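Listed after this line are the structures, all set down as structure tokens.
The following pair of complexes shares a single chain, chain A, combined with chain B in the former and chain C in the latter.
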Partner chain A sequence: MAALGREKMKQLEAQYKKILADYIVNQTEKNLYIAQNFTRQLIQKNISPEDVISIHKNAIAEIFPDRMNEAQPAYDFLIEVMVHYGMAHREHQSLLQKQAEYEMEMKIATSIQKALLKTHIPKLSTVDIGMLSVPARKMNGDYVHFFYHRDDYLSVAVTDVVGKGVPAALCMSMVKYGLETLEYAYKEPSYVLEVINRVIEKGVDDSMFVSMFYGCLDTQRNMFSYASAGHEPALHYNAKQDQFVALEAKGLLLGVLPNTKYTYQEVILEDNDIITMMTDGVTEFRGNDHLNSRQIITSVIRDNKYLSAQQLCQLLYREIEKIHGFDLSDDFTVVILKK
Partner chain B sequence: MDVTIHFKEIDHKLYGYVEGEIDTFTASGLREELEAVKITEGLEIELDLSKVSYMDSTGLGIFVAFYKRAVREKGKVKLVGLSNRLQRLFEITGLSDLMDIETDKKVELR
Partner chain C sequence: MASKSSVEIITEWDIVAARQLGRNEAKALGFGTVDQARITTAISELARNIYLYANIGRIEIERVDTETEKKIVVTATDQGPGIHDIRKVMEEGYSTSGGVGAGLPGVKRLMDSLEVQSVIGEGTTIRAEKWLR
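Let's turn to the complex of A and B:
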């Protein structure tokens, strides 16, 4: 009110009084319409709700001077109430606006991340490859990277950043670019882990790290070599023996200590064998501790081993989603290789 | 469900009792409490996790960060009372080789 000046305020009061008086005499749509237009003026001039009531009070005092004695305290009371109401309302509005801004930025970030971290699933004649990665929230903290050379070699890195949301996504971009520079060494699981470990250890704070399972399939020798940095072991389904073997490989999470060494293991892959790599979003059954996640995963794979690798991934997702009541709390990523 | 930590100092040794579920949502409170711990040279800290009913990788991150700070500031951290589930989590991630960890003795005996 102060900013507007007494003179201007007097003018508004006079206008309002006229409009109100007209309406009291003649309650027509037209008079109401004039009031509506007047409201726009009030908003333009940034008149607060309590000032509007004060304008109304003054107008009533002039139109019905003899009734004001009783009504005066009630009006003053309403003005006080409106002062607080107006403050809360403005705060609420500005929060809503801020929230809309954040949502907009989040949307942009999500689409950038999707574009940056998009995994292209290679098609090889020697091995059937399936992959599925579903984020629990907007941003995905899991990432899968493939390298391949003709039909002879296929390497895959399955990674999971500790934590979720924006920080995880930012860290993951770092991992992706680290991996891309390793094109020349993609056949050496331990070397890849050692290099990425140094990249993350330098760049990230103490509580941020990444788990990674790295495997390389040599389709000529039918040899799968793999190493793990604190990652969930992969599962090897041996078709001939109809048995599952966990591909355990001990190794510290990436980003904890600068000069960590990683060892790799090798396993022979025969026809119809299946390798399943996953993140803890697949194996972690929070609140369903009585269920054995490994048993569920292996039985889904064994019972449906004739499906394609991609169909198996999809089926596994549907089954596990069902167990969690269609509400997965962690990013879910699975990669399946079928010989 | 939330997570709480209570500290007790006995004979220049600091004992921390953690209780509850540690996940992305409850983690920040615990992180702040641990960051507030003043570590002096040679201080021994023992964190009891026997009443931790759930922990995800974010929780793991908090303990690793605390462990790394303790090493830098020349203190000693030991985690005790880990359930089989937690023990497995520390094993898979390779942290059990790095940190001083003791499983829940009662569970072991069973």
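Let's turn to the complex of A and C:
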């Protein structure tokens, strides 16, 4: 390119001419190997295709001066043609560079997101808590938030942004800060959903929706109250009856309408009962529709109910990952509470 | 010494005339074959943009040949729809999208400098220079 000085260009031309002349005389593989190394140097110096043709033309003109009369127009023609190729080539180069920059930014954004949306799993003497959240891509569109007050109350919000990747992650930071402003109101599931709904409805693009399951366990009364905004129902394992009950609660997704009301339900937890909350990454078996996800989840829990809550989460992940051929297409999040 | 000449771009063949003019001027100033090809290709791109997206416009070629400065200045003017977001058309990858200003990053690389001025609904002026070193 023009940026390369005339002197430098003359040097390259001299080198090229030598390599070409050697090849014309000897025609060995070694000559060609040297040519390949020289090409590497040309690319590194950003020499465009049209310049390479020009270098070649000048070399030929010196090696075979008497042939040049006929060949000159053909070379000039090729230079013209290659100018356009050179343009495309440079554009490609600069897009590659841009891509590298984006990837770098993405990496930084991912680590910021991880730090921002890190869930701290509380340790309580009254209930065993397990949580696992694994993103399908770099950024996680699921988020779990815990609140607790001494050993008496434990609240958990399990959220899933409709969508994945960067937009989902950005939206999720908003949910997190919405939850953090709740302070002492975290014990009322329907109130929490109403507040977060307003936050999302006001602050986020119309195309963004969030589902949330919110539950609060009062360990004194053994009462689990819960509400849902378009989220997967949680599963309650009743140890005494050895049965699973789906904790269904109807409610619109968050962010759809400004004044949506949510109702809450209550269920009594007995000793050894297990509550499993999850996102649809756990229950949706795309391409494996013949499998009943509910059956798989309940049998994993029932067969391993003596494991700790955290071990149960991990086991469930391993089992479901296996079913998906170790390629989960959605963010996977599960929270387990064991009385 | 500075000399100016220009070509109206109305039909596709006017692109050829603009190329020819640019090549002659580049040659006269002393540009080598490769740079002649670059300048001509740049003019061709600018003229084609006018022909495709603005319908009517003009390519002006100025040859500046003084003690201190030797350069070709190409100015493309049209009364077309204008470019909405100049920064965007100067971004890589936009050239494939078509529309006014397509291929400008490529033109910029073929030349040494490129300036774009545009008013929506009034037209666009693009000025590109190539210096003889």
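The working rule: the second predicted complex is superposed on the first by the 268 of 339 C-alpha atoms of A that agree within 3 Å, B and C clash if a C-alpha of one lies under 4 Å from a C-alpha of the other, contacts with A are read in each partner's own complex, and residues count from 1 in each chain.
FYI, a residue touches a chain if its C-beta (ideal position, glycine included) is under 8 Å from a C-beta of that chain, and two chains touch if they have at least 3 such contacts.
Given the structure is predicted, the values throughout are model-derived calculations rather than measurements.
Put simply, more of the residues of chain A are touched by B, taking chain B and chain C as the two choices. After overlaying the two complexes on the shared chain, residue contacts for A:D76 are found with chain C alone; chain B is out of touch.
Applying the stated contact rule after C-alpha superposition, one finds that A:G251 touches chain B and leaves chain C untouched. In the superposition on chain A, contact is made by A:V162 with chain B only, not with chain C. When the two structures are aligned on the shared chain, A:I268 is found in touch with neither chain B nor chain C.
On chain A, the surface touched by chain B in one complex and the surface touched by chain C in the other have no residue in common. Those residues of chain C lying in contact with chain A across their complex are 32-35, 37-38, 40-41, 92-93, 95, 103, 105-106, 109-110, 112, 130, 133. Those residues of chain B that touch chain A in the shared complex are 24, 31, 54, 56-58, 60-62, 64-65, 68-69, 85, 92-95, 97-98. Listing the residues of chain A that touch chain C in their complex gives 2, 5-6, 50-51, 53-54, 57, 76, 79-80, 83-84, 87-88, 90-91, 94-95, 98.
On the chain A side of its complex with chain B, the touching residues are 160, 162-165, 205-209, 211, 229-233, 250-253, 256-257, 280, 284, 286, 289, 330.
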